[in-house]
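First chain written, first letter: the chains are A, B, C and D, and each begins at residue 1.
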Amino acid sequence: MPSTIAQPAAAMDALDRARALLGYVLVSAEPGRAVVHMTVRDDMVNGLGVCHGGLIFTLADSAMAHASNSDGEAAFAVAASIDFVSPGVTGAVLTAVAVEQFRRGRTALYDVVVTSDSGDVIARFHGRTQHRSSA
Amino acid sequence: MPSTIAQPAAAMDALDRARALLGYVLVSAEPGRAVVHMTVRDDMVNGLGVCHGGLIFTLADSAMAHASNSDGEAAFAVAASIDFVSPGVTGAVLTAVAVEQFRRGRTALYDVVVTSDSGDVIARFHGRTQHRSSA
Amino acid sequence: MPSTIAQPAAAMDALDRARALLGYVLVSAEPGRAVVHMTVRDDMVNGLGVCHGGLIFTLADSAMAHASNSDGEAAFAVAASIDFVSPGVTGAVLTAVAVEQFRRGRTALYDVVVTSDSGDVIARFHGRTQHRSSA
Amino acid sequence: MPSTIAQPAAAMDALDRARALLGYVLVSAEPGRAVVHMTVRDDMVNGLGVCHGGLIFTLADSAMAHASNSDGEAAFAVAASIDFVSPGVTGAVLTAVAVEQFRRGRTALYDVVVTSDSGDVIARFHGRTQHRSSA
């Protein structure tokens, strides 16, 4: 029987109902690094015809969650910032790559870059996570 | 026939498919201020059993979008930051209040506070918007 | 003999050598709120002829430090963000008003607004502090 | 006679009176990348005995300014955020390395990492600049 310790990323994945809501695909997750894909659907665009910035943030935040939880311990975001630089249009396949930049004790910092299959950078995200136990 | 000039917030609302995805309710929108409600559903909680931070960001970002578009001109977020201070649990009714703090030319700054019907502050959000024409 | 408990803001003030460097004046400090003034000197302007953004950040950060330390316990900034919206020119008198927006346990959030005696908003700052003991 | 086009970083340097105030040394500057050093002086420490966070921000912001102005055109910071992760103590030699992460038209994004000669990461900074002309 798989334990949440042995397969934490898979466990996270199974638990993550928001993942179903957004329909993103977890491409890879290892301690300190994760990659997710999401296709911009018709129901994700806002009044201006482009992907809701909140959903792009959510994609980046999810990538960070997978990277920060993949060692089997609970971690949660305490703060984050994002710069939106290009719109994500309907049908675009977005990729978010989260990489840990700093870790000490219970605090870690992540950078996440979101790009489109068009080659454009869509957004850059920076997050701070808090871990339940120190590394 | 209603024009997008005369009823911009309603038009935004009608166009906003993301609103349906999240199921938030636009309580009020006037130039520089908007209030939205969202109930945390089962499919919004993350692997840790609390509302996905990205969806809380999305709620706050939506409130800002309604406040910044309610004068009938297109505005979009260029950057935002958020501090998560309490979890949003399943069933909680979250309220996001967006208030414009600064406006000059094409740039505006907004603060958004997200609270729960439990009385807790859930998050504080700060965003920068860019407007297609100057005020 | 004044104790650091009884007069923490004064103690902070006395200790704060950076205050001398920047020449700012502590107008008022009480738990959760502080006001500081700084005149933009010739040696504070950058290559573009306006006050170095870092010094405006430092002014805002100092206001937050006075507000968060005025109850006699040590607090330090863990993160902050700033939006620069108007330049501070030589000779301008800048005022930074820091107000606590949230506090629970060891974490607090502050907003600081920096204005000029010309009436312009110069910058808006948001900071997160960590306190050595919970409130 | 040196032109501001041919030697923009040197020109910035000559103009930058704040540089004298902080005593930082410009190690290198090329378009999109700059390195600066600063020794933490007695007059830079705050009431808690460590380098004022504002001055660490100023160092990072200065590194970004040199990187973003080194192609000879005026650029200025419109927003920035910083995470403070270790204190800078008196006598420590801090190094800030600014690297452009994104550039399109008049907007650029920079990451700056500040480290100490002790080997510690002191802070991570993220900034957005606006350029007077598009690249």
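The rule is short, and it goes like this: a contact is a pair of C-beta atoms (placed from the backbone, for glycine too) under 8 Å apart; a residue touches a chain by one contact, two chains touch by 3 or more.
Just so it is clear, the model here is predicted, and its values are computed rather than measured.
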| item | value |
| --- | --- |
| Chain located farthest away, centre of chain C as origin (C-alpha) | A |
| Of B-D and A-D, pair with higher C-beta contact tally | A-D |
| Computed distance of Cα centres, chain B from chain A, in Å | 21 |
| Where chain A and chain D are represented by their mean Cα positions, the distance between them in whole Å | 29 |
| Whole-Å gap separating chain B and chain D, where each centre is the average of the chain's CA atoms | 34 |
| Two or more partner chains touched - positions in chain A | 79, 81, 83, 128 |
| Chain D-touching residues of chain A, taken from the complex the two chains share | 81, 83, 85-86, 101-102, 104, 107, 109, 111, 121, 124, 126, 128 |
| Touching residues on chain C, where the partner in the complex is chain D | 11-13, 15-18, 20-21, 42-48, 50, 52-55, 57-62, 65, 69, 74, 76-84 |
| Residue ranges of chain D in contact with chain B within the complex | 79, 81, 128 |
